[in-house]
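I've put the structures underneath this note.
After this come two complexes, each holding chain A, first together with chain B and then together with chain C.
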Partner chain A sequence: MGPLARRDARAKLAAALVFLVCVGTTPAGNYQRMAALAAVAIVWIAIARAGLFRSLFQASAILPFPLSFGLVSWWVSGDPTLAVALVVRSYLSALVVVLLMSTTTLADIFRGLQSFGAPAVLVLVLQSLTRYLQVVVDQGLRMRRASISRSGNTGRRYSLWRRAGGALAVLFGKSYGRAENVHRAMLARGFQGTFIALRPHALEWRDFALTAVAAAMSVGAAWR
Partner chain B sequence: MSGRIGSVHIADGILSAPVWAALDAAAIPAIGLAARRTRVEHAPLLGVMGAFVFAAQRMNFPAGLGTSGHLLGGALLAMTLGPGAATIVLTAILVLQTLVFQDGGILALGANVFNMALIGVWAAWIPYRFLAQGKWKNFGYFAAAFLSVLASAAAAMIELRVSGVALNGAVVSISAAVFVTTAIIEGLITVAVMQTIEKMNPGWLQTPDTRPSRAMGLLAGAAVLLMAVGVLFISGAPDGLEALVAQLGLESREVAYFQAPMAEYEARIAGGDWSRKALAGLAGLGMIYILCAGVGRLLVRQRSA
Partner chain C sequence: MIIEVKGLSYRYSDGTDALRGVDFRMEASESVALFGSNGSGKTTFLLHVAGLLEGEGSVRIAGEPFTRSSAPALREKVGYVFQDSDDQLFMPTVLEDVAFGPLHRGMEAREAENRALELLRQLGISELAGRAPYHLSAGEKKRAALAGVLAMQPEILIFDEPTTFLDPPGQRELAHLLLALPQAKLIATHDVWFARQVASRALFFEKGRVVADGPVDEVAARFDWRLH
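For the complex of A and B:
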């Protein structure tokens, strides 16, 4: 576990937001600032021991969207500057989100969001969603396999659509039923509208220091 | 050849600072309002329904020419959970997609929430509210899903255009064709799913309280459609008012009677160009946050009084 993983989610979220604002307000064509911000991101990945190449690879998942709009923009305007800016800004932003997620658990992020003022019901929905995501996705995939093994992907398009629509409706019904059961079980166990945190967080001076140093580095890299 | 037709999640770094800041500021109070109208006890149900949308997006429907489409789910959630709860579930899905799947950006989250969880849900709810009864029911399901996707896509296109991404007529036409195809697929999948849900348990569907007129429904649907299609095509053209001013030669006659502190989205108290823009963005966010917090507290006080 790297040193960043031990820090409070709120400190990391605040530091990430400052970095993202710095990247998001970098004008097209200012390659010096983009390089400086990239250096800041790489330094923090190294400090976090998050694996540089793995992080760089994971962040590349964002590329299709900015690449397509960048190429369109280049084609229409004839100027590649904006295209480069779109790709670099998106990639750097994604890199920091990868770093944030590799050093923070989702549960901590959700608690951080709540302490930043996110509505309690939204945070509860997020917690329930992540808790049951794999269960429902697995059930959907099992139903899909069962449907294919019974009838294959053959037949007229209309019947394929009816079959797939029916499968989705059944999955909807099963999810609805599961949700009601979960709700009843939670009420029976004394659920009062909040999930109890096993490790309640308290901000330490190290967390404030992390945010201050990270923000100073981001603003320093962007200040020209 | 195989492909997949999906939705538009705007990544960070694409939208200009005034656009993402304004949409973040617009989305925050809207989500707050939707959260206020959603009961906390329903959170487990909404969470599992969010997981259902993720699972549904893994199930492909053949769309022809070697491509496949999948359910996006905004309209289905609006019709089964109601618009407020659907907004909360879709916001949760967008947060998770941004953080875990790198699908969309954190600063652009407000824009994505605005496009999909607000515009997408309400564009679906309006035709459903007016048409989902009697013999127009299936048309109502289709119109809800079709308009949901089209309105979301149109909003995303105009945000990109306002942010300075160059789009010409050809690009807008190709994008419009893709979006209309996606919207038709979403409409057809939604009709198939809704018909089966209705047979299994009609109680799972939201039934509007009153029986409003069909003409109003068609009018509302047509208005949303016109807006979405109009916006798609306008997004390829320059700002209409600015173009008119230029055509009439009125630029030289512009007189500023009042100098706004953040005109052209720049805080003039700061030194450099970047610091002006960054400061203006942060100041705007801060002002909206304070305003929302103040109005929220006032509402709570009024309710408890």
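For the complex of A and C:
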């Protein structure tokens, strides 16, 4: 566990927010600032021991979306500057989100959002969504195992995905049923719309220091 | 009467009549097993007793009827152990999961944590406190789920197929565990041996109706409800 993982989620959220604002307000075409912000992100990934290449790879999952919109923007305006800015901003934002996710549990992120005054409904929807995704993945794995056990594993991914695709409706039907059961279990144990933390974290000086240093680095990189 | 059910009927949205006019009464000192083939209405009945489904007819817990407004308070009296523990264990660690009920019913965090730790100790799974629930064995999951329910100190315990996924020693341990619990118990099961250990009375469900109510052995024999 790297040093960032031990820090309070609120400190990391605040630092990430400052970074995102800096990325968002960097003018298109100012590649020097963007490179400086990328360097800041890479330094924090190294400090967190989050795995540089893994993080860079995971963040690239977002690229198809800004690339598509960027190409459209380039085609319409004839100027590639905005398109490049869109892709770089999206990628850097994704990179910092990947860093946040790899050093903080989802439960802590939700608690952090809650204590920052994020609407309770929004936090609840996010929590329910992640729990539902867990259920869908779990159900998907069960169905995949069942499928392999009956048809034999051909070892070809395509074949597996094709089978999974054919069973998509069943997967969501079953996941819906399981999600209902999870919700019932929560209701049965007194859940009334808000998650309550067992151990609310108290911010330490190290957390404040983390936010201050990270924010200073982001602002310094963006306004140099 | 700790549980009183009158004329309970329920139809699922796909048109299946799951319950058809079920009447049932149970004393606080009783433990009752529910027999019946799959789809006969046992789980639907249990969900109504726990206030998690709302059908026609009435369900009273300790004399008070389940309504939309009374449901949250009445659910405190009923602990439901689901058939699949994976549905029930939804928090990141076992300790947080066991403390979930007391915490969400207004207990102080420290007190809820102490209660959770004490229950884990009583159930012999203290070492699992910091573990993620989905990494546990079936028996450990069942104990963790039971601890989560017991943490609410309910007056009634409901078990839906509690022996599913458990090996024979696990089933024996669970039977011993249930016998030691003072609460009234409703247990849906296919296992006559298990029912005989933990209950004295049994109901038999058929197509959404209770067609027999009596001693466990008598009901099991009448419907030839045994393996051999």
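Just so we're on the same page, the second predicted complex is superposed on the first by the 144 of 224 C-alpha atoms of A that agree within 3 Å, B and C clash if a C-alpha of one lies under 4 Å from a C-alpha of the other, contacts with A are read in each partner's own complex, and residues count from 1 in each chain.
As a convention for this text, a residue touches a chain if its C-beta (ideal position, glycine included) is under 8 Å from a C-beta of that chain, and two chains touch if they have at least 3 such contacts.
Predicted, not measured: the structure shown is a model, and the values here were computed from it.
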Practice task
Identify the partner contact of A:I196: answer first if only chain B is touched, second if only chain C is, both if each is, neither if none is.
Solution key: second
Practice task
For A:A120, select first, second, both or neither according to whether it touches chain B, chain C, the two together, or no partner.
Solution key: first
Problem - Partner chain in contact with A:R49 - chain B first, chain C second, else both or neither - result: neither
Practice task
Between chain B and chain C, pick out the one touching the greater number of residues of chain A.
Solution key: B
Practice task
Name the contact category of A:V182: first (chain B only), second (chain C only), both, or neither.
Solution key: both
Exercise for the section: May I ask you to decide whether A:L92 touches chain B, chain C, both, or neither, giving the answer as first, second, both or neither? Expected result: first
Practice task
Considering only touches as defined above, state whether A:R131 meets chain B (first), chain C (second), both or neither.
Solution key: both
Practice task
Give one of first, second, both or neither to describe whether A:A107 is in contact with chain B, with chain C, with both, or with none.
Solution key: second
Completion exercise
Check: chain A residues flagged as touching chain B and also chain C 106, 131, 178, 182, 186-187
Problem - Residue numbers on chain B that touch chain A, as the complex places them - result: 8-15, 17, 20, 31-32, 35-36, 38-52, 54-56, 58-62, 64, 71, 76, 80, 88-89, 91-93, 95-96, 98-102, 105-107, 160, 164-168, 171, 188-189, 191-197, 200-201, 204, 272-275, 277-278, 281-282, 293
Fill in the blank from the handout: Residue positions on chain C within touch of chain A in the complex are 47, 50-52, 72, 75-76, 78-80, 82, 84, 86-88, 90-92, 95-96, 99-101, 103-105, 109, 112-113, 134, 148-149, 152
Completion exercise
The residues of chain A that touch chain C in their complex are 105-107, 131, 138, 178, 181-182, 184-192, 196-200
Fill in the blank from the handout: Within their complex, chain A touches chain B through residues 16-17, 20-27, 30, 33, 58-59, 61-62, 65-66, 69, 72-73, 75-77, 82, 85-86, 88-94, 97-98, 100-101, 106, 109, 113, 117, 119-122, 124-133, 135-137, 139-141, 144, 153, 157, 160-162, 164-173, 175-176, 178-180, 182-183, 186-187, 193, 222-224
